[in-house]
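Got a structure for you, questions after.
Chain nomenclature is as follows: A, B, C and D, assigned in order of appearance, with residue numbering initiated at 1 for each chain independently.
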């Protein structure tokens, strides 16, 4: 079988591996679709990000769906041929954070395609994948592409839960990439009354409009438009910061009301923040990291038609064109979510 | 002008009153539509409920919309002829609870059509109504009937906010009257993943289905169906108790998971509750009472098409047929929300 | 070795058992002190409570301390002879509630001295007890009696955490038994500004005064004193209901402010509650059940002198007088916490 | 009468003003004691801080106590000669934030000694002060110096409330100035199990020890001691950042557990923060600004002996030595809280 491997910065290859078989309690998945995440792009382009660096070749990918190919001994409730979304979060279930109900902070997490520990946790962009049965979330009624969106949608749902009650709230999102756009869907599903999105790129903002933003603002064209809007229409209750840019964070904070909440999703480096504004307005800047139980919720909400991610899947390319897919994903002037077809 | 007056139990009349004019900061409303609430029915049938009793004739009604007929001195931002939903909550803005952000607990509340203080607070079922400008929420794009639904929808939104984060949660609603049905809409808007509704009447349950319940259960036909469903599919996170019936409350509590939340909306008398179950499962039984800032949210969510209450308005009758309207509202075999047309 | 066994209602015996030895990861405890809990009394007097009934002889007891007598293979960090408080909560660590951080709702809980499952979970009132190493919380500096108070103190701490922020709050406690009195200590430690306690017995109230209640009210002598106090001095933010009596609950609810919180700790049967009051004041009635991580906190707070439970230990009797100890515990005119000395 | 006036940076004078008299509902206070706050020091040394600059002479001071000298018409419940703590927070009671229960975010706030609006809000370091009756909190049993500590203690209590439940939590405080030290008292009162304080100055840390810190660490002497302590003893639940220094914030964040909470109290300029750490650990950085209802709580807790601020009042100087007092307050090698005696 083949898999997509980052050997080093700018050295991405489709390599051959031996076939695999499921053990007891496990399931063999024939991968259907894998979506390229910003993290995958960082490994591809820079060999990592911040303090996290590739030290050995690593299969990329964690946004995947597939079809059940074979059931290991003792597995029930799944049928061969069934489409499933694959939960990439594999906490140990034994450490103190797992037992506190915080599996995303598991001390022994094995999240697909992550170079944080060494040896690295190999990823899921492979034609065959053996998973535990509980990682398989049936996705009947969805396309394989939609099922592969369960992962980034879970990131948005997790951040939305951490933002607290959104019913009737006014929401600002800085950054209209895939995560920002999925936060529109999550915030709307959670009852947001108004959703405004800013970005520097018209193409990105176009997709925010397609998934329901009430207003999109290109702050490259018009840096002061956000400030004017907030002063005129009212300050926002919640900011999802999805850029990692200090300028976006600061202008977003200025558009928040006292006691406003900032969900920080954009992964940048160190960021300079206007601390007096944070203090005087009693803002609340919260990190959000991955997800866990939101994954099954994400699949369910899509299956029931309560969230529709289809407008965000802009490109789908065969495994043979993996490198082209990664290059396309880099280009914000045309890409939103790029997916690779494994079968 | 005419108004609908409860003189005593089973003594409802359409009486004549002098015309009224707006003072400074006030607005004259030509009433369009008034919806009959369960409270109105209690005054009509029993002259009150619990310790609250009519001691003088009282104009009923608090779910109303109308058109701006005249602007008092200094009023800006409203146009004659404009359809508005009327906020019936009139807190003093000075007492300790108003200053704590709890206007629904205002010590000097003047909520339309309420016999709690004496002299009573006269209601809004009248052809002409003078209100403060801030009570007028523009409802452009809605029908007058929808605008009059802002009030009971606000009750459901307030309870939903007090229930905490619903995103991805499983919700049970006992009682499929207008409030129960509006709680479906509110809970879904807030992100509920699954909504199950129970009632004793098929007609009532039919409307819950129309506004999006995933499953309706007639517990008259099948008293143990709820228990079986919960044991099979999973216990619920949140219960909206909208009947005031101890049987419904107890069976609903049995279907909740540990740490489940019960929003008590049904107004019954004293209720016997299974305290050991509440303690051992660490359930959380919360009262919910009226609303305040949710009113403008309710109008906005309807205007944006994010909540659609139209399927719940089953009857609309002219003021001349007010008595028939009240009698129809009593009959759960046919009624959901009954509205009266004032113009 | 000997143990205190409830064979049936009013049939309590000190029986002989074989000695025990620790396995790998386990610790042999020579029991020092065991406190009699209200639950133990129910088994002794009535053979159970509510739906929970003795179906076979059961060793009682779950409030215990002891000294390390022998370390099983692989146990580190404990020394023979050391005084430890014994955590009686033994969740499975694998079920969904354990993995949600709710071990007190473990589906496979083995809490000492509990007749809920069958075969029953045998209790800890025995001269020798084998425990897992993690159940041993070093209690250096405390008396064995204080260490045995860690269990009921944990109940009070757990309820206090569930009550939310108490800093500067005004607290009412109905019921001045051991749990009520420990709630005084917990609420004060959590920052309560004022603590008022009601009971029907002067002896019980005397101990509330000793552990810091600002005011005690004998509501047998003066049924309306609480109402008068609240009207005069201000309504309470939080009620700890520790009686299980509907009268106490209702009068306590009447003394709460809007949005007040009721922690229900008293285990009665079904209770009739004034639902219109709960709804109109938007009260929040929360069950509280056992504890888990609060146990180590309880020991630590006592060790650091931040909570002093000594005034509540009124009687200490040797194992030979176990029956007398149980009879004394029934008599509220003299008892607060009765403990049995096992060594 | 005399008052302490900042005319510009490094131009502090004791000026003469006309005597004042109370109007209806007002109270004339003969000032007793005024404490020097960090804000006062900024005006004295730099003529302001951040974007806030003196544009006209301004009387300084907002931490004051005094004795009732004369009652205006209609004032009840206060006696001439009585010691009172003076609430310096004067929200309008009418704006949207006042009506949301957020008076510290009042749009028309008149907080004593604040150069934010122009004309500036004159301060309370004056021999005579006319206040509204509701600003007077009786402080019987306290010294005038303690009563003047109600203000900074309120800052610590407000931050503590915003930090959420502290019962049994482990707390880190970076910065052992007056606010840091008062946060020790507030956190302990709220139930913190362990409190560790860091600073660069031994003198400052000495006072943290006096008010109950479990451990003080001089991070000038030993920059890595905090990291080692956390790795060994366990990461902290809550950080009070009281320095405004990015180094302190970053090292404090590193010592927090996942989902830890940071209360930002230190007023620095813009601060660079390690955003990836905040995101990956899902930390929660919350601003805290002033207080309101905590003021009466602060006085009450001191009156009841539940908080003792006396060890923190290190210097008390007569009004004639005002300039010396300010100079002393600058010198962290000897000062903690410096107060000025007005009578």
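Some observations on this one:
Note that a contact is a pair of C-beta atoms (placed from the backbone, for glycine too) under 8 Å apart; a residue touches a chain by one contact, two chains touch by 3 or more.
For clarity, every value in this text was computed on a predicted model and none was experimentally measured.
Annotation of chain B and chain C: jointly contacted by A, D, touch as defined at the top. Chain centres here are C-alpha means, and the one lying farthest from chain D is B. Each chain gets a centre from the mean of its Cα atoms; for chain A and chain C, those two points are 46 Å apart. Chain A and chain B have Cα centroids lying 39 Å from one another.
In chain A, the residues touching two or more other chains are 102. Put simply, chain A touches chain B in their complex at residues 157, 160-161, 164-168, 186, 188-191, 193, 214, 293-294, 297, 300-301, 304, 306.
Remark: chain C residues 93-94, 98-103 touch chain A in the complex. Only residues 50-51, 97, 102, 104-105, 162, 244, 258-259, 264-265, 267-276, 278-289 of chain B touch chain C when the two sit together in their complex.
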